[in-house]
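All chains are identified by letter, namely A, B, C and D, in their written order; residue positions are counted from 1 within each chain.
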Amino acid sequence: MSKMNLTRRGVLKTGAIAGTGVAAPTIFTAQSAAAFTNEPTGSSVTLGFNVPQTGPYADEGADELRAYELAVEHLNGGGDGGLMNTFSSKALQGNGIMGKKVEYVTGDTQTKSDAARASARSMIEKDGAVMITGGSSSGVAVAVQALCQEAGVIFMAGLTHSNDTTGKDKKANGFRHFFNSYMSGAALAPILANNYGTDRKAYHLTADYNWGYTTEEAVRTSTEAMGWETVAAVKTPLTQTDFSSYIAPVLQSGADVLVLNHYGGNMVNSLTNAVQFGLRDKLVNNKNFEIVVPLYSRLMAKGAGANVKGIFGSTNWHWSLQDEGSKAFVQSFGTKYGFPPSQAAHTCYVQALLYADAVERAGSFNPCAVAEALEGFEFDGMGNGKTLYRAEDHQCFKDVLVVKGKENPTSEFDLLEIVEVTPTSQVTYDASIFGGELGSCNPGA
Amino acid sequence: MFGLDKKDFRLLLLVAVLVALAPFILNPFPEGSGMAQFNAGYPDLMQRFVIFGIFAIGFNILFGLTGYLSFGHAAFLGVGSYAAIWMMKLLTMNVIPAIIVSVIVAGIFSLAVGWISLRRSGIYFSILTLAFAQMSYSLAYSVLTPITGGETGLQPKINDPRILDGALANGGTPKANLFGLEMGSSFNLDVGAWVFTFNAGYYLAGIVMLLAFYLSIRIFRSPFGMMLRAVKSNQQRLNYTGLNAKPYTLAAFVISGMYAGLAGGLMVAMDTQVGAERMFWTASGEVVLMSILGGVGTLIGPVLGAGAIKYMENILSKINSDILHTWFAFLPDGLEDFVVTLIYPFIGKGWHLTLGLIFMLVVIFLPGGLVEGGQRVARLFGRKKKSTDTPDGKTTPAE
Amino acid sequence: MEAIVLQILNGLDKGSAYALIALGLTLIFGTLGVVNFAHGALFMIGAFCAVTLSRILTLSHTVVDETQKDFLGNPLKVDVPYMMDWFGESTGAAIIDWAVPLSILFAIPVMIAIGVIMERGLIKHFYKRPHADQILVTFGLAIVLQEIIKYYYGANPIPTPAPAAFKGSFDFGAMMGFDPNTIIYPYWRIIYFAFAAVIIGAVFAFLQFTTFGMVVRAGMADRETVQLLGINIDRRFTLMFGIAAAVAGLAGVMYTPINSPNYHMGMDFLVLSFVVVVVGGMGSLPGAVAAGFLLGILESFASMREVLAVLPGLNQIIIYLVAIIILLTRPRGLMGRKGVMED
Amino acid sequence: MGILEVKNVGKRFGGLQALGDVNLSVTENTVHAIIGPNGAGKSTLLNCLVGKLIPDTGSVMFDGQSVLGRKPFEINQMGISRVFQTPEIFGDLSVMENMMIPCFAKRDGAFTANAYAAMMKDKEIIERAEQVLEDMSMADKRHMNAASMSRGDKRRLEIGMCLSQEPRLLLLDEPTAGMARADTNNTIDLLKQIKDERDITISIIEHDMHVVFSLAERITVLAQGTPLVEDTPDNIKGHPKVREAYLGETQDAA
C-alpha cells in the first residue's frame, strides 16, 4: 500500500517538473509592462470593496457591501438595472464595464486606517483591483485615498463626512460622493433658525477628533451667522461611552440648544443620555430646550430608539425621497434584501456606478482617463437631484437633506422624515478654503 | 558561525531561507485557482509578516526573558511610526533616516516609560505600561492632532518641505525609497500558472528582520540574556547575588521598545501612513497574543505567532460568501448551500470568531504555543522509536 | 457648588458600573487566581439577557394593514406581540415595558449557569497555568462570545429602554435644597446607583456573614490550608465564579437603559475594569469598589468644561493618569495584598 | 576588630521592638553562630546585615565600611553572600547557568551590558563554574533543570553559588531547616569542609543545636531582640542563663 503511494507521488512529481519545464518563465517588472496599475487584460475587471466588517460599524459595512453587490449585478446586466435606468448618462449598457464582466473582492477595514490600508493593498497587489471603494469613517477614507494615489488606482470614497477628505487631504485619484461637515452646517442653520428662532444659545459636545472639529466648526459658523450664540463647546473622547458628565452641566450653562457633534456609537449614547437627562422637557430662557445632531445615520440612529423623535439633523440621502432615482434604488434594493437601503448603501452604490460610467465614457480604465471623465462631470437621476463632481477638489455638490426624527414611525426603518431639501447652491463653497493640494493623477506606471 | 552555535546557526539559516523564498512558499497555489485565495505571497502581507515578526521578537526579549508583561508596547511602535513619517515629511523620502530615527525616538520614549513602570512588577507593571500607551493613543487621536494628524493620521504630502529631496515632478506623488529604489517596486516571475512577486520593500524589511532575529539570538545566548531569565526566575536571588536587576530589566525594556520602534519605522517605510489606532490597547494586546500563540520565550515562536495572526486577519477576512459558493459549486445545490451556511460564520466578517477559537484551541491543547505544536509533530515523525525518553520538564498540559 | 454636586452624582453613577464589574473581576482573581479577560464579555452577555428577554416578550405575529404602505408601496405588515394577544393590549404592553427589570430575574440563573459552565468546562483547567495562558484563553473566549452575540444581534446598538415609569428625570437639586433646575437627574441612574449599592452590600454580607462566605474568604487568604482542613474548596470556588458572573451580568442588565447595548460593550469596559481592579489593589474587594467610585468621580470632574479649559485633553487620560499616580505612590494600589500577582 | 561589627543596632516594627540594642563582632575566618528562640530577632538582624532592612539606630560595619543604606546587591558586591532558609535558586535555569550567574556577578560587577557576548564561549566563567560544581560534587547534574532537584541538592547548589563568589563573609539562614536528617548531615559535612579548606568567615543562624555545636566557634545567644551572651560553644552549653532562657526548651523540641 505504502509502496504504491510512493510511486504515485513520484509520478506526480515528475509530471509537475515537466509542466514547469514547458512553461518558460517570463520575467518582467510589474510596473513597466502595463500602461497603468492592474490594467484589466482578460474578460473581466476586478473592483475592491473595502468596508468595515468587524467593529462597531460592521452593520453599516454590511449594508455597503449589499449595495456593491447590487451594483455589480446591475452593471453585469442582472436584476432590474436599478439606477442605470434613471441615470442621466447612458453610457452603461449592462454588459459589465467596457464589455468586461465586473468581478469584485471584499475586505475588512475594521474602521482602522492600518487594517483598511492592508486590505486595500491586498486587493491591489494580490487581486488586481483597479478601483477601491467603501469605508465608513474619514480616518479610513483619507488613509486609503492616499494609498490609492500612491499605488495608481482610483478611490471612490464611501461614507466619509469630514471636510478633510476633499479638503486638506484631497488626492487626485480620490473622489467623494458623500457630503461633508461644511454642507451639513450650511444646510442645517437656516432650518434651525426657522424652527427655533435666531436668538438661541447653543452648547456643543464635540467628538475629540478631526471630523468632530470640522463639524463643530461648520455648525458653529453657520448658526452664529444666523444670530445664535455659542455658550460652550466641550470635547469628548472617542472612547467615551457614558456621556452623563458632559450632559448634566448643560442645563446650568444657560444654553437652550445642545448640538451633538457625534457619529455612530458616540451619537447613539450621547443622544440617549441627553434625552434621559430630560433636556427636551425643559424650558430654558422661555424656550423649549432642543437637541441637534448635525450628521444623522438612520442605521445608527436606530440604536437610539425613540430618543431621536423630533431631533433635527442632516443626511446625505434617505429612502423616502420621491424622485425617480431614489425610488428606483429603493425598489431594487428593497426587493433584493427586504428592507430599505441606508445612506451609506446609496452612496456606495452610486459611487460604483459613477466609476463604471466614467470608465465607459473615458473608454479606458486608466485612472487618469477616469479621473478626467469624473472631473467636472454633471449628472442627474442618482437620487440627489442634479449633481456636480467638482474638478478642483473631487467633491460632489448636490442637494443636502435636512431631516427630523419621526414622531410616529410606522416601521423600524421609518425613523426620519425629510424636512427640507437644501439646494446645491446653498451648500457650495470655494474649493480653496480647506487648503490641501490635489496633485496630479497617478496611473501607477 | 557569526558567533552562534550550530543549532542556532541552523535556525538562523532556516529563517533566512524562509525569508528569501517567501514569495514562493507563500504562493503555493496557481493564480486563478480556487485555492489562490489562500496565497499570502503578495508584498503587503509579506511585509507585514516580517514587520510584526520584528515587533514580536522584540516583545519577546522583554516578556519571554524577564517575564515582565508590557501591555503598552504598541505605543513604541506608534511613536516610531510618527518619528519616521516626520522624517519623510521634513527630510527625505529615503527610508534610512526614517528607520534610524524611529528606533532612536522609540528608544528614548521607552526609556522614560520603562524607568517609571519598572518601579512595579507583575500586574502593577502591566497596568502602568497600559496606562502610558492608552494616554499616548488618546492624546495622539485628539489634542495632539497638529503633530499626529489625529483621526486621519499622517501621510507624505506634495507640499511637505523634504529639504534633502529634489522637487517632485509637477503634482507627483512622494514615494518611499532606498536611494532611489522604490519600496513599492516589484518584480514578477511567471511560472506556468503561478505568479511570484519579489518586492523591494519586502526584501529590505526581510533583511532588517534577519538582523533583528540574529541580534535576538545573540541576546538570548549572552550573559545579559541569562540575567534576564534570572530576573524572571528569581529576582530575590539575583539581588543577593550582587546583580542589580533594575538596569537589566530597563535595558531589556528599552531594547524591546527599540525593536517596536524599528517595526514602526519599517511600517512607514513600506506603507507611508500612520494612524493613532496603531497605539490602541488592542494593538498592544495583539503582540502579547502573538508571543503566547507562538510560544513565549522561544526564539522563533513570536515570529510564527505574528505570522499566524496576520495571515488570519488578511486572508480569512477576505473570503466572502461568493467565493465559498465557487468553492463548493461541485456539490448539489442544497448541500452546497448547507456547507456554505456552515462555514460562512467563520470567514469574512466572522474571521474574529475563528481567531478566538484558535487562541482557545492552541492554549488548551498546545500549552507551549505553536512551537510546541511543531515539536510534537517533529517528535511524531522524527523520533518515533524513542518517544518516551524525554519527558518534557517545563510544560505541563492542563490537568 | 451645584456643578460639583452634579459631578459627584455622575461619578457615583459611573463608579457603580465600574465597581460592579471590578467586584466580580476581583472575586475571580482573589478566589481562583485567574486573570479573566472574558469578564467584560460577561457584562455584555448580561446586557443581552435584557435584549433577549425583551425580544422574547415581543415575539409577534404579523397582521397586514391595508390602510398603510411599506417602503416598497406594498401593504404594511404590522407586528403584533403575542403578549398583547394573550394579556390584552394594555397589560401586554405593560409587561413588555417592564422587560428590563424582569430581565434581572431572567439573568440571574442564566449568568450563574454560564459562569459555572465556564469555570467547570474551561477555567478550572487553567488554575495552575501561567497567567499568560489564562489571558490568551479567556481573551479567546471573550472574542468567541462577542462574535456569537454579533452573529445573532448585529453590530449596531439595540435600544432597550427603561419602563415608562422610570424614564425621564427629576429635580434632585430642589429636593436637596438647591435652586430648582440646577441638578436634574434621571430616575434610572439613581436606580442604577441604588441597585449597585444593594448588590455590593449583598456580596459583602454574603462573604462576611455566611459560613460559605467565611470558607471562601479563608480560601482567598490561603487556599492550601483550607484544603488541608478537608474542606472542598473547589465546589465553592465554582459557585463563586457563578456569582461573579451574575454580578457582572446584573450590572449589564441594569446598564441597558443607560446606553443601548452592543456586542463590543464588554471590550470597552474590559481595560477600564482591569485598571479599576489594579488601582484598588489586587485581591481586595473593598479596594475594587473604592477604586471604582474614585475613578468614576475623578473622570466626571475631569470632563467639566471649567477643568478642560485649563487642561485640554485631561478627560482623555484622567483614568490612566490617576492609575499611574496611585500605583507610583502606593505600590499595591489602594488596598492590595502583598504578593498577589506581583511576579 | 572583627570583619563584621554591629553596634547598637535597634529596629522597631510599629509597637514591636524587634531588635533592642545589638552589639556583635564577628572575627575573620571563624564560624559564628547566632541562636535564639523564635521571635528573638535573628532574622531581623540578618536582614539588617544584607540590606533588606535598614535599622532605626546603630551601625553595621563590614571590613571597615558601613553597609547601611546600601542595596542587597551592593552589599553582596562588598563580599557578603547569603544563603536563604528555603533555597533560593534560579529554578527555570540549568544548574550550570545557576553557577555561572554569580561568577559573572563576581567578575563583571552589578551590571554589564554584555548583550552581544556569547555566554557559552566565556572560558574563564565556564571553567570557574565547573570548578565550583566539581567542588560541590555536582558536576554530573550540570544540565539538570535546577527546580527539578531535591531539596538537599538545591541547598548544595545555593551554597556553591555563594562560594563561587569567594565571599569574605557567608551568611547562612537556618541552612538545614526542613531537611531530612541525612540531608542535614550532608550539609554539615559540606560546611565543615568549606570551613576547613577556605579562608572564609561564616555567620550562621540556626535552630538545630546539633548543627550549631558541630560547626560554630563562637555563639551569640539572642533573646527578645538583645544579645544575651556571647561565648564559645562549650561555655554556652553550660551557661545557666542560656539554659534557662533557651536551651532546655529547644532540646525538648529537637
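Going forward, contacts are C-beta pairs under 8 Å (C-beta built on N, C-alpha and C of every residue); 3 or more make two chains touch, one makes a residue touch a chain.
Small disclaimer: the values here were computed from a predicted structure and weren't measured.
Set against one another, A-B and B-D show the most C-beta pairs in contact at A-B.
With centres computed from Cα atoms alone, the innermost chain of the structure is B.
Centre to centre, using the average C-alpha position, chain B and chain C are separated by 34 Å. If you average the Cα atoms of chain C and of chain D, the two centres end up 52 Å apart.
Remark: chain B and chain D have CA centroids separated by 46 Å (rounded to whole angstrom). Of all residues in chain D, none touches 2 or more other chains.
Residue positions of chain B touching 2 or more other chains, listed in rising order: 138, 141-143, 352.
Taken residue by residue, chain C touches two or more other chains at 312-313, 316, whereas all remaining positions touch fewer.
By the document's touch criterion, interfaces exist between A-B, A-C, B-C, B-D.
Partner chain B is touched in their complex by these residues of chain A: 19-20, 22-23, 25-31, 53-54, 58, 61-62, 105-108, 112-115, 117-119, 121-122, 125-126, 137-139, 142-143, 146-147, 149-151, 162, 164, 169, 172, 208-211, 213, 235, 237-239, 436-440, 442. In the complex of the two chains, the chain B residues touching chain C come out as 63, 67, 69, 116, 119-124, 127-128, 130-132, 134-135, 138-139, 141-143, 235, 281-282, 285, 288-289, 292-293, 296, 345, 350, 352-353, 355-360, 362-364, 367, 396, 398-399. On chain C, the positions that touch chain B within their shared complex are 35, 122, 125-126, 128-129, 131-133, 135-137, 139-144, 146-148, 151, 267, 271, 274-275, 278-279, 282, 312-313, 316-317, 320-321, 323-324, 327-328, 331-333, 341-343. Considering their complex, residues 2-3, 6-7, 9-11, 13-14, 17, 68, 70-72, 76, 150, 154-159, 161, 167-170, 181-182, 184-186, 188-189, 257-260, 262, 264-265, 268-269, 299-300, 303-305, 308, 312-313, 315-316 of chain C touch chain A.
For chain A in complex with chain C, the touching residues are 55-60, 62, 208, 232, 234-237, 239-242, 244-246, 248-249, 251-252, 265, 268-269, 272-273, 276-278, 281-282, 299-300, 302-307, 319-320, 330-331, 334-335, 339-340, 410-411, 413-414.
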